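Letters A, B and C mark the chains in the order given here, with residues in each chain numbered from 1 onward.
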Amino acid sequence: MTSLAMQRRRATAGRVLGQFRSSKQGVIGFSVLLVFVVIALAAPLLADVRELNPVYARASGNPQWASPGEFGALGTDHLRRSVWVQFVWGSRVSLFVGLAATILTISIGSVVGIVSGFVGGRPDAFLMRITEWFLVIPFLPLAIVLASILGRNVWNIILVIGVTSWPSTARLLRAQVLTVKQRLFVDRARSLGAGNGHLVARHILPNVSGLILANATLAVPISILTETTLSFLGLGDPSSPSWGKTLEEAFVNGAMVRNAWWYFLPAGLGILIVVLAFTLIGRTLEEIADPRLGRSR
Amino acid sequence: MNRPVLSVKDLAITYHSASGPVPAVRGVTFDLAAGDSLGLAGESGCGKSTLANALLRLLPDGTITSGQVMIDGRDLFALSPGGLRAVRWTTGAIVFQGALHALNPVQTAGKQVREPMLIHQTVGSEDEARVRSRQLFERVGLPANQLDAYPHQLSGGQRQRVLIAMALACDPRLLIADEPTTALDLMVQAQVLALIAELRRESSLSLIFITHDLSVLTYVADRLAIMYAGKIVESGPSLSVFENATHPYTRALAAAFPTIGDQTSRLAPSGLAGDPPTPGALPAGCPFHPRCPLAEDRCQTAEPVLRKAGQAHRAACVLV
Amino acid sequence: MLASEQPESRGRSHFILKKVLGSLLTLVFVLVFNFVLFRIVQSDPIGSLFRGRNVPAAKIAELRTAFGLDESLWVQFWAYVRQTFQLNFGISYQSRQPVWNEIVSAIPATVALVGISAVLSAVIGTIGGVIAAWRRNTWKDHAITSGTMVFYSMPDFWLGMILLVGFAVVLGWFPVGGMTDAGSTATGLALLLDRLHHIFLPALTLTLAYLGEYALVTRSSLLDVMGEDYLTVAKAKGLRDVVVRNRHAVPNALLPVVTLTAINFGFVLSGAIAVEAVFSWPGLGKATADAIRGPDLPMLQGLFLLFSAAVIFFNLLADVAYAWLDPRVERA
């Protein structure tokens, strides 16, 4: 890469960063998310993972259904486990599944969208027909069916979310690639003898990367909420409990009738705050990628 | 002539924007007598469309206006909201640039033409409105069956005629035509111009015709006013201004348009380098001096005022 | 007059015919997809049914034959298509009743709950979005926008759990679940009131969960429209602000909202799964949640097919509504 292109890219990155910093919602979203990322990464320091084991919890003499005043910061559940420990370790699983599923979603969506938009013709028609079908199939039932068939573990959940939620990304990217393709400089580059790989890498990708990033950020909330719902319905991985799994266990074991609010409030609030943070960041990135949005929204 | 239909005195309009105030119109004064027509010309961004919208107080919230606009003897800026609504369309109506988005896409042309009559109760009933809209369509040269057409089913010229019919719905005394021929084919432009000229001959309609195309104006306007950077820089009888242009800017404009509606010359007037100044950052002195072929040192310090340059002909240039 | 109307109606009916054919094709795709999903991806349904449990081989073989899983793939596919059109979705593993009967008995509860919530959320959300856009950057806009965003960002069933604990467990204003009081023999008006009492909290949950999307879409759509010239024209005509908004701005801004509404009507049928589970509402959602626990695959398969058909149908309805509302559609 020439130093000129490098400079230009660095300048673009600097501009995006500057615009992001000047957006209040972007900064708030990012700060909040940072707190949760730190909690998730520092989980081993914050909470003893052995506390998740009911046998260990019983052996340590924890009380059952203790409210926050009676035991620790967030009380205990029906199996005497600390809710705080579940919250900290649950953040790890929820964030990991959310991010991993989003990466898969965006990868499938981007490949389909870029290939469809760039190649055009029959492959485009074929891919878009498939995309439309996947858009029409109800997303949650499909995820439920797939998860039921594949079995309950984290990787299957990631796979299920990725396989079910890529179509909207594919459509968005295809439209963007078509616009970029029509711009003059692609024709110019082609006439100079550039290969397809070069065109995609040097001309298409840099022009759609902002959109991909914004779209990815906005897809994380959907991934996290889907994981939560699947876990709540009993399709979560029993060996790595997420926030959704906590909500399921609280529900199944009668936390609501007992008014054991400390059992199900923290996990739900965690989901709500993380989802809001990603939404705020995503909207900011979207406005930067497409300045037209900033005026009205 | 008695009382003028429109009297504008020292009108200044400043938009509010994120990067500070933007003075779009900076002190404009003119009168328009009943039956007269005034052509306003200038490049885009010179404030002519802002001026047109101001004549019916159609500016966005937060816009600061000063000066006075008397429309049919009423002080526009002193009107109550209800009084203002009553003046709109009955006293003065606007023909917007219709080729794009001036018609509501989900309503038929006829419904949109009937709407002002029903609002201002210039007709007694829905049926009467239908009869009148049919007459109006006939007058602007549209077949009656197009009353039931949706805007997208009409051609650009037909849409423009619908807009003219709509403007005439309540028999206004003043017609403000804001670039009504822009973006139309050459042939259609000529037809629309002929229609406007004909309507003027038939009635005592006063007309303000706004365009960037000077040659169009000699066809429909008795008097011309050339705007630059929010001010009138030259005004007078059409032929006098067109043939004996005094202001270097008017000369450049006049030289730029050899034929009606030449689209290529629109963006790059010959002999006129550079872009019009942005209203937010006007140069000191005469705002035209950076582009003026005859600029002198004194042009950079003082902004010239309008001075007599012939019979009823005035120009704002130190060389006059 | 006829001259201008005829090509228009021909354009529209052509458009609708195209959409109907597209929907049928999608339905075929769903049928095939459904078959592939349940018969090929999952090559041994009975085996995975008892995965991890100690079941005698003879018992498994017996079940395989009972469920017709010994035949070749093509025979199975043909049988599957034939049975589907006869509304025969097999026998539920759990209840041992025909899947179709189970589904049919759950439909009314879901249609009532989802219907009420879908209508309420669409109406309230749209009105909220109109107010937010028309008064943008005022406190009303900020309150509506941030409020709906919060509801939009939480799991719907978690909202249901909170409402249930607050209003049913703690305050005791509403029943904790079900559709009627246990052992109730009420009829007529008393029965209706009892049902309304039961449906209130789940309906409130779903309404709050869904109205955010309507508000946000309406708001941004109206903001797009608000820059249009025809609104300046309407104002210039001497129309009141409210009339400009309701007669010229809103009808144009609602076009995308209509599509969203119709599509959501298809999706909410399946979207209430977790909320129905929370409130023990005896509809399709709870049936799905129960089937997952099995897993009761014939039941899941039948439900999936029904949910997909509902979405396809409402998508078609959305296209037809759009063609009816937007005169420009014939060009699309």
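Keep this in mind: a residue touches a chain if its C-beta (ideal position, glycine included) is under 8 Å from a C-beta of that chain, and two chains touch if they have at least 3 such contacts.
As the structure is a prediction and not an experimental result, all values here were calculated from the model.
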| item | value |
| --- | --- |
| Each chain counted as touching subunit B and subunit C at once | none |
| Centroid-based (C-alpha) most distant chain relative to subunit A | B |
| Whole-Å gap between the CA centroids of subunit A and subunit B | 53 |
| Gap in Å, rounded to a whole number, between the CA centres of subunit C and subunit A | 23 |
| Set of subunit A residues in contact with two or more other chains | none |
| Two or more partner chains touched - positions in subunit C | none |
| Subunit A partner contacts - residues on subunit C that touch it in the complex | 26, 29-30, 33, 37-38, 41-42, 48, 51, 136, 149-150, 153-155, 157-158, 161-162, 164-165, 169-170, 176, 220, 223-224, 226-227, 266-267, 269-271, 273-274, 277-278, 288-289, 292-293, 295, 297, 300-301, 303-304, 307-308, 310-312, 315 |
| Contacting residues of subunit C [partner subunit B, same complex] | 1, 3-5, 8, 228-230, 232-240, 243, 248, 251-252, 255, 325-328, 331 |
| Complex contacts: residues of subunit B adjacent to subunit C | 53, 56, 58, 85-90, 93-94, 96-97, 100-107, 115-116, 119-120, 145-146, 148-150, 152-153, 166 |
| Of all residues in subunit A, those that touch subunit C in their complex | 132-133, 136-142, 144-146, 148-149, 151, 221, 225, 228-229, 232-235, 244, 247, 250-251, 256-257, 259, 261, 264-265, 268, 271-272, 275-276, 279, 296-297 |
